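What follows is a pair of complexes built around subunit A, which joins subunit B in one and subunit C in the other.
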Partner chain A sequence: MSEMTWEHLRDLDCGAVRTLGDTWKTYIDQQLAHTERLRTDVIEGHLGTEHYESDTATQVRDQIGMTADRYEDDLSDYASTRIATTLLEAADAFEKEQNELKELVPLIEQHDFDIEGPHSEYDVNLSGGLHRAILTLNPPQWLCDMCGVKKPDGFWDIDTLKVLFDSVDLYGTAIGLAGQYQDWLRAVMSRAHDADDEAAAALAEMHENPAELPPHLGATYDDLVDDYKEGVTEEVADEAEAIADGTSGLSPEQVNQWWEGLSETERRALIDEHPEWVGPVDGIPTEARDTANRTVLDRDIDALDTRIAAEEQALQGLDPESDEYQNAKEALDGLKGDRNDLAGLQDRITNDDGTPRLAEGPEPQQPYYLLGFGTQDNGRAIVSIGNPDTADNVNTLVPGTTANLSGAGGLLHRAETMQSDAQLSSPHTSNATIAWLGYDAPDTIVPEAMQERWADGASEDLENFTEGLSATGREDTNHTLTGHSYGTTVIGHAATKEGVDADNLVFVASPGVGTDTASALGVDEDNVWATRNSLDPIHLTPDFLHGADPTGDDFGGNAYHSDTGAWNANNHSTYWDDTNMAGRETLADIATGQR
Partner chain B sequence: MDNPPEPQYTQAEAYAPMEAAAADAVAVLPDFPGFKERIWGELPATHNGIDVQGFTIVEITYVFSLPDSGTPLVRETYLDVLREHWTALGYRITRDAVKEKPDRVDRSLVAIRPDGIALWYWAAGYTVLRVQSGPVTASDHDAIEYLPPTGGVRPGGRYDKVGKYFPEGIPADPDVVDPFDSPDSYEDSL
Partner chain C sequence: MAGADVFAMDPDEVRKSVEILFEIEAEADSQAASMATANTEAAGPLKDAATALGPALEAAGEWWRVHRAGGFCGLLGNTGEYLAVCAEEAVEVDDYNAGTFASVAGDLYPERPNANASSRRGG
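Here is the complex of A and B:
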């Protein structure tokens, strides 16, 4: 775990880290010139076939070629993807948080707060001087301004009495502000620690997996070289498996570099032979993931059919009154439920002839891309309408409480509506909308949606997903993360604890996003949006559960208007209904960069 | 499961009055250039803040072509005409907004009928007429009857986007084919 303190981060020379990364890149380019020379000057030059023709000569040329290949692979996999990219990503991440710190620490100091506690969880408290100033009825000017009282001039006059009567409010305001700075500081350090840990993991994993070299020429060469060639092929599969397992330590950007470094044949082989290592991996391009996931989806449905048939047969031999029968029946029903859910997802995104279906929407119609699915917990479904790798605007919708695979059809309808609205609002841009049910959502409002653990459980996956979109997409793509209800809490936790690659955050009907200030979210406050209609009971959520209401003035960011539906109905999920065209128009504008 | 109040229509029943509402709107628009496309879509219906299965919201969208979407006739005159028309019919206007953008002015008009069907005329990048049902009981796709589009969209053509409800193809009915409409392709006719 990272031991970085805020002082370390403040004083870190990010430029030096970046220079080191750039130096490695330069070094790689220099080394590639050597392998190029080996091929042109040696293999095709003075050891070329016009000078030497024999089995031994061919063997020597092959051996040198393999050594050059291996060297290039290592340069790509280790020097470039592992070392240089890790350093450059770390430099970017540290610098981003350092800039936040440069803004935040002076604010903390100006307001006479102290940073206290361990580096893992800093506190921002009122200093002794600030306590004294309030207690002696001499609060600082900024605090008087915030509370709307006039600063006493030292005499016991009406202003002094007002301060006396407002002292609880003064304290509360000062503590509230310190709390916001604390949230901000903790978020900055959490993201910095996350970047530090991720960089360390990427480098450590390199150390643990030294690459093999081609065999030496000699008597055993013929015996060893075939094994070596097979080993090189298996190495790609091993890397793919480690990446899919999450044990490679590679970031989505590094995964993307690794993928792009594979030959077309290697990529095709992985998709065909191990689609389960391709489909779920953030950083692999959308087209490849979609193809792989659809293959796995077919396979999983077939496997469930086989299991269901076997379980049904086994059930026939059991006494219907026995516990064993009941247990087996329950398990069978579970399998059938999973099968129905997966088949429902498949039907939704696939034509009868097996080709990807186009979503119904305005021209140009966009195909569905399957970026992930699963039957664990209440199920997973990550489906994009339109290709996020090529889109100008990508909006990812994170659903809230009770979201599950069985209800993925409704989630997709909502995403299709958002996609349609975006396309109608901005016809000259290409847009993609993603339904991201990539986490285990709470099943109940009480008690599950009151707990943070579902959001914490989703944070890293959402971080990786957004980083994957950045890695595979265009550099200038406008990324929006839109949460509904508990989905906003998921986004908030991911943004403050891990960091998300997003240009805009939109919180619809939020119970709180795990922080009291937009500043802690790691996204420009001007691009943080929140909406809640006046009849949405979510406003009854107390702040101590998930933090302050993001539509509140004190939170920062922007609030936008949503209309209500029927006055006598729960309006928590009416944000896409005919009663809230205002909200839909605004969301479309945000998602297409028009706000 | 706690269900929403019993809706006035089932999903299958909702399409006819919704399409009729669209046709009624088209009928009052002068010099109507025709819509480019029709889309049948859905949204999840919710109750007590949570999506409920077995219910849905139908949304029908008629889209003008991009050139037509940008004309003052479509963006401004039609909005004025529809405001007057819907008001005269006793519909409740719930939104009448203008939004200035750097390169255009968006307009939005929403009217709710007494039966709960909502009409939304939105002049944005495209200009669209949308009709929304409110929550209705979901129907099997088999129970949904094909209704020809209004406003010049060719029934069963490329831009009649209702295909997911009729996977076997749009039911053939020569009466609903507009003989003056151009086919999407002349490939088989040449």
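Here is the complex of A and C:
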């Protein structure tokens, strides 16, 4: 568990961590030269069949070949994917947060604030000196400027009296600024600790279930080598299962490296034989996930049909007045609901002939890609319009309260609108828009949407999803993360606690994003955007629930205009309507890198 | 070569293979040790900074050196020793043990101590 303090992070030599990662890469190349030499100079050279020919000779050549294969797999899976990549990712993550600290700590010091408390939850408070300065009616110039009062010159004059009169405001302003720095510092350290813990887990998991080595030549070799070869054939499946169930400790980038290291035959076999281990995994390319998820979707619908038929059969033998009947009926209705939801999703993204459907919109129309789904809680659906692995611009929409699988059609409609807007805004770039219902959204405004737990529950999944997009996509792709309503809270929590891989954050109709300052989000403030129309009742949300309004001046970032719908419309949900072309066009410009 | 299934063998070529196997074994072993040292040196400041990565990195480097690079070297050594024996007298894979190397070919490779050879896993 990371116990790094902010001072530790500030002083950390990230370059040394990166250099070690590069040293591992060089070492790997060195070792690969050894295996190459084994093959050319030994197996095909001095130990070739013209010099050494018999059953035993074949066995020995196989043994050397297996030794080289094993070492190459180890170099790829452990030395490269696990150790070198972990070091390089950790160096990048630490350096990013270190740079934030280099900006933040001088600000804290300049404003005469103190950092206090344990490394797990720092406080930024007014220093004793600043308290005294305000109490003695001698506030610092920066505070007078923020409050619009003239700094007293030491005499009891009108300015001094004004300061006395405004002292509550001065205190409030100073405390508010300290609170913003506190949010920022906590976010920086949360992300740094998260990166540190993830890096340590990736290394620790490496030696939990290591691959077997070939046996040594000697007694019982024949039996042992058969067991070894059997194990090797199951190795890829074992790795895939560990990755899918989240016990591998691999980051999406590392998953991607693992996937790319498999042979085409191994990838095909996993998609065919274990699509459930491929479809949901961030870091596996979109095409493979889509194929696997569609297979599982078909299979799940068939399985539900079978279960429904069996339950209906069983129901016929029960007394309709009995509790047993009522319970069985409820369970049956639940199965039918799940079946309808999945079939609805399938219909939406699939043509009658089973091929992926193209989304409505301007040319070139883009196909749907199924990146995830499920019936747990209120359901999950992650669908991309266009391939995010090849797109110039990718915009991911995170929905808010009451989002569920039954309503995935409405969510997809919004994503289609965003995709069309992006295409019209930037017809010469390739764009993809993703509907990300990858979390259990609140069902109600009161009390569920007032709670943070739904956002906290989604944070790690959203972090991994965005990192997966970066791992499988192009290096220069412009990534935008757009939230609506509670979806903005989800993005804010993920961004401050775990970190998200996004170039732009857009908050539409936000009740607050879990922080009072755009600086805490880990994305350049200039690329943080927020909008709310003037009739949206979301403005009634008090700051103490989810933090300050991100459209406010004090929050930082940029606010942009959205038009209202009709006066009697639900103006919390009119942002994708034709009545709000101003807001839609701005969002499209942001998502296509034009703002 | 009585008792073995060797139909064609050029002992000199086999001995050259042995030399390469032992050479790679030594180089890989030394390179893994250097890598582990670099790892430990880099892990120090990370541990001082109370990171979780520091101890995990040190353990990972040592694990790599002992179990994976070490495993590779062990396999090369074992195969090299087997071939060294093969070049002198026929022996089936299943009948081989490290003691055979010590008694048959150990004198040809004085840099490989018998104690070390006989302690090799699987030997």
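Convention: the second predicted complex is superposed on the first by the 591 of 595 C-alpha atoms of A that agree within 3 Å, B and C clash if a C-alpha of one lies under 4 Å from a C-alpha of the other, contacts with A are read in each partner's own complex, and residues count from 1 in each chain.
The rule is simple: contacts are C-beta pairs under 8 Å (C-beta built on N, C-alpha and C of every residue); 3 or more make two chains touch, one makes a residue touch a chain.
Worth saying up front: this structure is predicted, and the values here are computed from it rather than measured.
A.B. asks: Based on the superposition on subunit A, does the combination of subunit B and subunit C result in a clash or a fit?
C.D. replies: After superposition on subunit A, subunit B vs subunit C: fit, no clash.
A.B. asks: Looking at the overlay, does A:219 come into contact with subunit B only (first), subunit C only (second), both, or neither?
C.D. replies: A:219 sits against subunit C, while subunit B stays out of touch.
A.B. asks: On subunit A, which partner touches more residues: subunit B or subunit C?
C.D. replies: Of subunit B and subunit C, more residues of subunit A lie in contact with C.
A.B. asks: After the superposition on A, what does A:407 contact: first (subunit B), second (subunit C), both or neither?
C.D. replies: In the superposition, A:407 touches subunit B alone.
A.B. asks: For A:197, using the defined touch cut-off, is the partner it touches subunit B, subunit C, both, or neither? Pick first, second, both or neither.
C.D. replies: Second partner only.
A.B. asks: Under the stated touch criterion, which partner chain does A:352 make contact with: subunit B (first), subunit C (second), both, or neither?
C.D. replies: After superposition on chain A, A:352 lies in contact with subunit B alone.
A.B. asks: Output check: A:298 vs subunit B and subunit C. Expected answer is one of first, second, both, neither. What do you get?
C.D. replies: A:298 sits against neither subunit B nor subunit C.
A.B. asks: Could you say whether A:41 touches subunit B, subunit C, both of them, or neither, answering first, second, both or neither?
C.D. replies: Only subunit C is touched by A:41; subunit B is not.
A.B. asks: Nearest approach of subunit B to subunit C by C-alpha atoms in the superposition, in Å, rounded to an integer.
C.D. replies: Checking C-alpha atoms only, subunit B sits 44 Å from subunit C at its nearest point.
A.B. asks: Using the superposition described at the top, list the residues of subunit A that contact subunit B and also contact subunit C.
C.D. replies: The overlap between the subunit B and subunit C interfaces on subunit A is empty, containing no residue.
A.B. asks: Sort out for me which residues of subunit A touch subunit C in the complex.
C.D. replies: These residues of subunit A touch subunit C: 1-5, 8-9, 11-13, 16-17, 19-20, 23-24, 27, 30-31, 34, 37-38, 41-42, 45-47, 50-57, 59-60, 63-64, 67, 70-71, 74, 78-79, 82-83, 86-87, 90, 119, 196-197, 199-201, 203-204, 206-207, 210, 213-222.
A.B. asks: Taking the touch rule as given, give the residues of subunit A at its contact with subunit B in the complex, in rising order.
C.D. replies: Listed in rising order, the residues of subunit A that touch subunit B are 352, 357, 360-363, 365, 401-402, 406-407, 410-411, 413-414, 416-417, 420, 423-428, 445, 485, 536-538, 563, 569-574, 576-579, 581-582, 585, 588, 594.
A.B. asks: Could you list, by residue number, the parts of subunit B that touch subunit A in their complex?
C.D. replies: Touch residues, subunit B against subunit A: 36-37, 39-44, 46-51, 53, 56-57, 59, 61, 63, 66, 69, 94-95, 97, 99, 101, 106, 108, 110, 112, 118, 120, 122, 124-126, 128, 132, 134, 159, 161-164, 167.
A.B. asks: Write out the stretch or stretches of subunit C touching subunit A in their complex.
C.D. replies: 4-10, 13-14, 16-17, 20-21, 24, 27-28, 31, 35, 38-39, 42, 45-46, 48-53, 55-57, 59-61, 63-64, 67-69, 71-72, 74-76, 78-79, 82-83, 86, 92-98, 120-123
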